[in-house]
Every structure is written in structure tokens, then in C-alpha cells.
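Each of the two complexes below includes subunit A, the first together with subunit B, the second together with subunit C.
Showing the complex of A and B:
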């Protein structure tokens, strides 16, 4: 590069301006800054502000008060909601992580051994992932339904076994929503685990083999330690995704029976858009935000390591 | 010898696990198809008639003849495609800048993009609903597309940055020596060479838009503006146990376009996602 040569045949004034303008990063990033500012930053600030008011969705008059915060946080329903959220999120994260890893390991082994059907399995898992949340809820309702067309109960009847109240028993319904969410989300973990497994140095396995390690020893002492970072990042990503999920639950159980499957995102949705309680919903939105950002900061603390490489 | 039987056993276990997983992932979708192909009487026979005796496409015809369903499909496609386009227009220049410029606060701004990605749409919808209402933008597709774009931009910028990172800098430098300015480098070199990345980001955004429920559900009230996600939610509310086969057909119609779009570009999409994830 010879900048002097370019400067020598000095272009007209306007082109110099263009070059200066285009040479600065700000104009290029401006669209993103504007979009994020209008649609993320302002709304988030507004949510904080609204949680200190008594605003409703319909009335225009609002006063600043701490009442909404104390009301929302002392609501007798909140512990149940948080418990349902914990079961749903914790179960999804554990289930999707374990199943995603198992499928990825099997697919990689299958590819190595040339087993039939690895591509089919991978593709089917990915297809479930692309299904829209609302449709996913409808599909699983047809499987769990206690009406005659419900797939699982009619299979149980065919085998002369007692049927299960998948969606109407408050003790069973959380497990049913969990299964449907694991169905939709496992493919994401599978993709992340697959990429991470592929990047493990094969010489580690060769060394382990020379030392006489069995397959399970190789898995626990080579594979798992190598995957540690990927597993952590993946767990945090699916936690945040699951905390924010509610469309699949709306069509599957609607939060019921009772409040057995009403997770925090569905609760916020109902409070704001069914009860028109804007301030109460804002308080809980802030709570959701704190949970997500807390996890995001843990995630961020894992990234600088990659920059050092 | 024992090594070989061990491998054989491993293969058998792999096949068994793959079969169980295949049934788990494919089963629900095939049952949806089975329900969608049944007539009223066979619906009540449950899993006993997994393959219906009298398969019929009448349900699909009924659903598509519903006066609103084709409108829902068109709206869904329109909103998803426009948001895909919008995301590219906003994210591409930024991806170029993040890849090629060195400036203060770059790491921080990339990181905050990622943080915004983690905020639930539900959190921002509360105030957005209010100011769309005040601006008179409720019940417009413009408002919905703008919010879709905002939701898609953070991830798109990250993925596109890693695509641009993959284009050798020497190409930029050669073009600049030949007298190109930054705009023409971006236009003539970066854009054509990032085509695969651009295509996969477009498809990812379109599929996300197609699956959206919350944003159109809140910002739209008129039935003829609704996209498929909300349409199917409302359609479900109108069905009873005796018309479950119609709901199945409608559901299948809403699922298939996303699946086809994804499958046809599967390699591209997964490539962009994993390279984005690996390079961070």
C-alpha cells in the first residue's frame, strides 16, 4: 500500500469528503445504532421508568410510586410462577443439553462408522427446531390430548394400559410442557455440541488409545473436559431462550391447569395484555431482564479467552 | 476379537438410540400429517389408524377456501420477507465496519449487541405498544416489520461479521490501490463475496419472522392484516374436538414453508451458525 501515491493525484473536493466520510466507522454503524436505540434502548429505559409508576394500558394518568413494585413482588402468585419457571427452564436446559450431546456424539460416531440414518436423524431433529412455537404447541396438544384422538393415550389404550392425564393433572402438566419444549429445542444444543466435538484435536484420542483408555474413559476424561466451555455457553443460551418462551405454552396448556404451567413470560403477558396492568408487568419485565442479563454477563466472562488466541 | 464385538455392540446401541430419537423427533410431525389426512370419523380412532383408511385432502381444501387463510399466508410471507431484507440493509454495513475498521469501543459495542439479543421481546413490547399507539402505527405492517428488523439485527450483525472476516483483506487493499473508495469496495467486493452468508442470514431472519407470534398479536387487531402465526392461533380458538382434523391441516400448512426453506439451505445456514459460534 502506498497512500502517498493515492494522495498525489488528488481527486476533487467532494470525493475527498466521500473518502473521509466512508473511512470513518460511524456512518456504517449508524443504522444499527438507530435501530437498537429506538427499539431496544428506549423501551428498556421506559420499562424501568414505568415500573416506578401506577400506569395502566388504558388510562393516561399515571403517578410515580413504589406501590407497583411492592405489589408485584409481594403477589401471592409470584412464588408459584417462579417455581413453574424454574422447573420449566431447569428441566429444559438439562434435557436439551444431555439429549443434544448424546445425539451429536452418536451422529459423529455414526458418520465415522458409516452407519445408515445419521443424516436422517440430524435432519429430523433440525426440522422440529424450525417449527413455529404456536404450531409446536398445537402438535403436542394433539399428542397429549385426553380426547379420543390424543395419540399417546390411544397408544396406551391399545396396549391395555391406564391412560395418563397429560394436560389436566396439575402434577403432570409441567412435565408435558417440558417434553414438548425439549422436542423443539434439542436441535440447537445438537448443532453447538456437534461443532464443538468436531473441533477437538483427534490426536488426544490417539494418545488416549495408546494409553489403553476404554471408550467410556475417553468420553469422561477427553471429550467432556474439552467440551466444558461449549457446554457452559450453550447452557446459558438455552436458559435465556427458555426463560423467554411462552408461545408454545399458550397453545399447549394456556398456563393451566390452575397455574401449574404459567411461567414468568406468560404471566407478564397476561398481566399486561389481559389485565392491562402496565406497571405491574413492567416490574416483572425488569425481573426477567435481570435474570437474563445476569446470565449474559456470565456468558460474556467466557468470551475474552477466545480473543486472546 | 473382543475389540470387534465391542464395536459391533456399539453400532447396535447407536442404531437403537438413533431409532428412539428418530421416533421422538419425527413421530409428532407424522401424527400431525396423519390427523390432517383423516375424515371426521377416523379422527376418533386415535393412533389405531395411524395410516388412515380413507386418506383425504378435503381438510386442506376446506382450510385454503376459508376466506382468511390465504390472506394470513400472504401476510406472513410479506412480513417475513420484508424483515429479511431490512435486516440485511441495516446489518451489512455494520458487519463491514466491525470487520474492517479498528476503533475505540468496538469490542464493547459488539458485546452489547449480544446483550440486546438476550432481552426478551416481551420486555420491549410493553413500551413499544404504547408508542406505536401514540404514533398511530398500530394496525400497520410497517410497525411490525420495523420491530422484526430490530429483533433480527443483533444476531445478523454477528453472523455477517464472521462472513466478512472470511474475505481476505488483501482483496480490499488491491481494490483501494486501483482507486476504489470504501463504498465501491463494499459494493463490488464485499457484497458479492459474502453471498452465501447473506443468503443464510436472510433465510434465518425470514424463518424467525414466519414463526413470530407476539409482535403481530400485539400490534395488529384487524383480521386481514394478521400473519400466519396469529391466524393459526385464532383459528385454533374457533375449532372444537370435532374439527381437529382441520386444525391439523392448517397447522401443517403453516409449518411446511419454514421447513422447506430451512432444508433447502440447511448446509449454508448451519455453516454460518457454526463458523459464527466458533470464531465468536
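Showing the complex of A and C:
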């Protein structure tokens, strides 16, 4: 039904209202602004406000101070936490990106050749994505279990190979959490890459073939440049997602042994819910926001401009 | 005759259906009581409720709640259930209470009760429990629920304790000292076992189970004002001694390195079921779990004894448990919550779940507590010690968990790890 038709069907008062605001977008988008303001912007503003206070979950009188910022940022644990976060986020982004692309390329090629099992492969990868973080943590906890009946170590024993201290060795535990997170996030990258691969113009490959390009040359000189925007957007999304991940880690290792796997999101969780330090948690939440936005801007700066497209 | 039989059958069917409908109306998944009851009490509970994962216990609670609400027909209980992430649930509830949005009546973990007390969000329960009932409580329970001005702020209805479980067919005699335990554990490894298992991962159980060793030495976590003291003077020496004991168990192979990944009592049950361990430190409630998990012949091999101390006569064990408290300002709701604590939890729920009562007389009142095992648990409460009811305790516990992981995995030396934990706890204490 066209706007004119709606106007014709509307009562006179309503028609007057519509005519009055026909050229003004603000009244129309105001409900969205209000909803976003209440549910998204207000909590962010409150986190900024709390970071300038000394608020605790059990304290009564909060005062405005810069002390919480200096305390939180000068904490001796912070460098180790940031290093653990860097490994976790960097490894996850690289791993999920490469594996996601590999699965998507395999699925596309399988579909082109009409191979059996491409749908099963795609669905299997998606199952990991559907599993909630906590459930994923429990699944990997059973796989990594160092008990005599632990799944992965039992397989290694069967193959007469030495067992691995997946979670009890502080040097190994971060890699174990990384493996579980890559497993979980690969499906998301696969979906993004699959959609991007489908949108590449087939004539580009036909032209490359005419020019005598090998399969690897086609991949590096046709596929990857065509995927540039998708890869960068995907990196922005999975970086933000991984910086905020803590549910899988809390189930798998709880951040231990010691602080070996305590990433910044888990650190914030512990500060607020174990230490009851609301202001310290807010300062670090702002830091997380800055890190995520900073990385997003860096990735975005590499996105192809309109004229390049 | 035939028509009379048919009529009787029809009548009984109608009556049965009516009672079934009535029962359904009285107890739904999130409500106990009639939907149109005039008064509502919002109740937030743990799995010690009709939400229990064991169908028999869930059904038992359902019956207790229905019996309770029948005595208060003008009330309905609006049920809310907590997830298993207790620390987070309690912290959220504290924030809700401060904002005035907490449930009318809720389960509060005994070790965080002080956080609620210092925020003055708990209602006064004093008028609703008799002097005899209060006097009957174990002293550490009475102290735990009473605030500075001697007002009762919650009702602590169950308690527990930690013991050393052992498979008699592998370890015949109960280890009484730290040395005994190390020797027994090492001997068990020669029979293909893992040695002694205990919580060593990042969770509250790690701190609490280990604290028995520190308390056995006479160590204190905080002074009378609630300030952390575990990292200075004599306490530091005792702390290091207890810490080095656990480190030695791992370094010597008497305990596997994987203890740093154990953050769940179920892991110990699993190891017992798989016959890969003959010794573990666990909670008294695990005895009933072992009984249902293991074959009867295998279960006969399992027994328990007090947690070994540095010497045979230096013993301690951690005691915990749950309370019921009210956040309401409405006197009727506070009284209803106190009634719920008394009629459902103080006794009947103890018996239903075989969770140790907090009152001496209840051990005699219920037959389930007359078993040898429960009598032994009850006697062991003499050595029981509760966590200090101070606001800094959760952070001390967090730091001990980190320290334990660092020390047992070999990342830090014990003294270095203790200094870091104490320094962090003091920093947090200053911010409170």
C-alpha cells in the first residue's frame, strides 16, 4: 500500500500529523533513538561515570575520584592479563579466519563438483557455533581432561605418544583455550567467507584460466583481493566478539592455573563479582571498549574505499 | 450391580481428576499456591528446592512446599531459581537488594552473609525464632547469622564439612597426619592410582578445602576488625607451612599435577567410579553420591575419616552451608519467609537431602541422621570452622585460588605467591 493510499485511509487528524512531519525525519526515527538511548547508550554512559567514582558493590557512599583509574591501570596484574588477552584474541582471529576460509573454499568447491557431504560439512561446522560458550567449555574440559580417562590423552596413549598437560601446564593452558575458541568461532567466519565467495564474479576466474593462472595463483590474485572487504569486516566482528569472550574460559579453566588464562573480560568479571569493585571493573570495561574500537578503526582503515570498489 | 460399578468408577475418575487438577494448580514450575491467592512472596532458591536435578529430591521438596502453602492458603510463592554460578548470583542479588529490587525471601550462601549484613539489606528475623531454637544452634552458626547488635539476620539451616575419603582395599588405615597421607598416596600410585585428589582449580572449593590445613595450624585469615593478616608474622609462617604441604604432595607425585584443573567435587566422584584414585578430599554430601554412583560391592570399599592434620591431634575442617533470609520491608512477608525457613528447611529439608542440620537436637529427631556415617559427620563438626564472615573474604579466596594455581603448577615460589596474594588482598581491603 502506497503512502498516499495510507493517508487516504487515515482519519483527518492523523493525515494532518503526517503532512506536518512528512519532511522531518526526526519524529520518525525518535522511537529508535529512545530505545537505543535507554538500552544501549545509558549503560555505556553509566560505565564511564562509574569509572570516575570509587563505587563498590558493598559500599554505600560513592565519591568522584580519579583514584580508581590510576589504581586499575597501574595494577601489577594488568600487563599479564593484557598479554594473555593478546594471545587469545590474536590467535583466535587468525585461526578462525584461516579455518573459516578453508572450510568455505572446501564447501564451495565441493558444491561446484556436486560432491556428497558438503552440506554435512557446513552443518557440522555450524553446530559448534550454535553451542553456548559454557557448554563448549564443558565439552572441551572433557576432551582436555588429564585424568587417566581423559579423551584426547587416551587417544595419545593408544597411539603410544606422550600425554599433554592441556590445562595444568601454565604454558599450555592458553593454547588449549585458544583451540576451543577457534573451534567455536570458525563457523561464523565460514558463513561470512562463504557468502563473500559466492558473490565473486565467475568471469574473473574464467579470465584467469584463459591467462593460464594456476589454482594457487587464482586464489592469491583473484579470490583473496575479492575477499578483502569481507575479511576485514569479519576481523572486526570476531575481534570484538573474542575480546568479550569469557564464558568458555570460565568453564574450561576459570582463568587458571594461577592467572595463565585470565583474559581481560574474565578479569573484569572477577573484579566486579569476586572483588565487588564496581569502579575498577568500569575502568577496565572502558579500556576494553577502547581496545575493541581501536582495533576496529585500524581494520576499517584498510577497507576498500568506494572508488576502489 | 454393573451400573453401580460403572458409576463408582466414573465418580472415582472425576474425584481423581479433580484432585490432580487441584494439585496442578497448587504447584506449578514457578509457583506454589493458588494463582489467585491474595498475597505473594517472591522466593529465590538454589537447587535445594523443587528445582533439584534429582527427581526424588525435587518431588520431596514439592511435597514440603505444598504442605507449607496449605497452612497459608491466602499466600502464593512466586519461585525464582539461581544458576549454579553461586558467586555471581549472590553478587547480583546484593546489587538488587541495594537497589531495593531483591526478592522477598532468598537463599543466601553463609560465606557471603556478611556482605549483605554490612549493607543493611537483611530483615530482622529475631522475633520469629524462639530462644530455645537459637540456643540449640551450633555456636559458629549462631555467630554467623547474628550481626553486631545481636540481631538475627538469616536462618542458617544446613551445614557441611570436608573429610578424607579412601578406598579401604587400597589404603587400609586412615591417614592421621600430613606425612601419613603422603605415604598412603605414594603407596597408592604404585598400585596404578593417581594419588590423592583435591580441588586446586580456580574456584571457592580450592580455598575452602585447603584452609582446613591452615586452620589446623592455628592460622588466621583476618583479625578481629576484618583486616587480612594471613601474610604477616606467625600467620605467614603457618600459611607457608600449609601451602608447602600441598606443594610437596604434587612435587613428590603423591598428588597428580592435574589437581590444578579440578574445580568440581564431581571430578572426585568420577575418579572414584573409574577406580583411578583411592584417596580424595571431599564434602560429606559425597558419601550419599558415592553410594548411588558405585556398585554396592565397590561402595563397601569406600569410607572416610577426618582430614589429616600436621600432627594427629591438630585437626580442622571447613564447614559451610546455606541460609534463608528476607530482603522485604513488609512485616507479613518477613514472617512468611521466616516460616518457610522453619517449616520447610529447618529439619524437613535436612532430612530429605541428608544435609547436616545446624541444631544439635535435629540429629536425634530424624532417623536418617542415626546412621553410622551421619553420626561420624556430626561428631566431626566439633573440629569445624566456618569462613570468616567479613566483606573481604571473597577476594582473599580469589587470591588464594590464584596463588594455589601458581604454586602447584610451579609458576611461582610459595613465598612469592603468598606475598602477591596478600598484597592484592590488602589493596582490595583498602578499597572496601
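In this section, the second predicted complex is superposed on the first by the 259 of 309 C-alpha atoms of A that agree within 3 Å, B and C clash if a C-alpha of one lies under 4 Å from a C-alpha of the other, contacts with A are read in each partner's own complex, and residues count from 1 in each chain.
The rule is short, and it goes like this: a contact is a pair of C-beta atoms (placed from the backbone, for glycine too) under 8 Å apart; a residue touches a chain by one contact, two chains touch by 3 or more.
Just so it is clear, the model here is predicted, and its values are computed rather than measured.
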Subunit A: partner with more touched residues, subunit B or subunit C: B
Subunit B versus subunit C as contact partner of A:282, first or second or both or neither: first
Partner chain(s) touched by A:149 [first = subunit B, second = subunit C, both, neither]: both
Which superposed partner A:273 touches (first subunit B, second subunit C, both, neither): both
First (subunit B), second (subunit C), both or neither touched by A:228: neither
First, second, both or neither for A:191, with subunit B first and subunit C second: first
Touching partner for A:56 - first (subunit B), second (subunit C), both, neither: second
Footprint overlap on subunit A, comparing subunit B with subunit C: 57, 147-149, 269, 272-273
Touching residues on subunit B, where the partner in the complex is subunit A: 6-7, 10-11, 14-15, 17-18, 21-22, 24-29, 31-32, 35, 43-48, 89-91, 93-94, 96-98, 101, 103, 106-107, 109, 111, 113-116, 118-130, 146-147, 149-151, 153-154, 157, 173, 176-177, 179, 181-183, 207, 210-211, 213-214, 218, 229, 232-233, 236, 241, 244, 247-248, 251, 254-255, 258-259, 262-263, 266, 270, 273-274, 277-280
Contacting residues of subunit A [partner subunit C, same complex]: 54, 56-60, 71, 76-77, 145-149, 165, 167-170, 253-260, 269-270, 272-277, 280
Contact footprint of subunit A on subunit C as seen in their complex: 87-88, 91-92, 94-95, 98, 115, 118-119, 194, 200-203, 256-261, 263, 267, 270-271, 274, 276, 391, 394-395, 397-398, 401-403, 405-406, 408-409, 411-412, 420, 424, 427-428, 431-432
In the complex, subunit A residues that touch subunit B: 1-2, 5-6, 15, 18-19, 22-23, 25, 27-29, 31-32, 35-36, 38-40, 42-44, 46-47, 50, 57, 99, 102-103, 106, 109-110, 113, 115, 117-118, 120-121, 123-128, 130-135, 138-140, 142-143, 147-155, 157-158, 183, 186, 191-192, 194-195, 199, 215, 240, 243-244, 246-247, 250-251, 265, 268-269, 272-273, 278, 281-282, 285-286, 288-289, 292-293, 295-296, 299-300, 303, 306-307
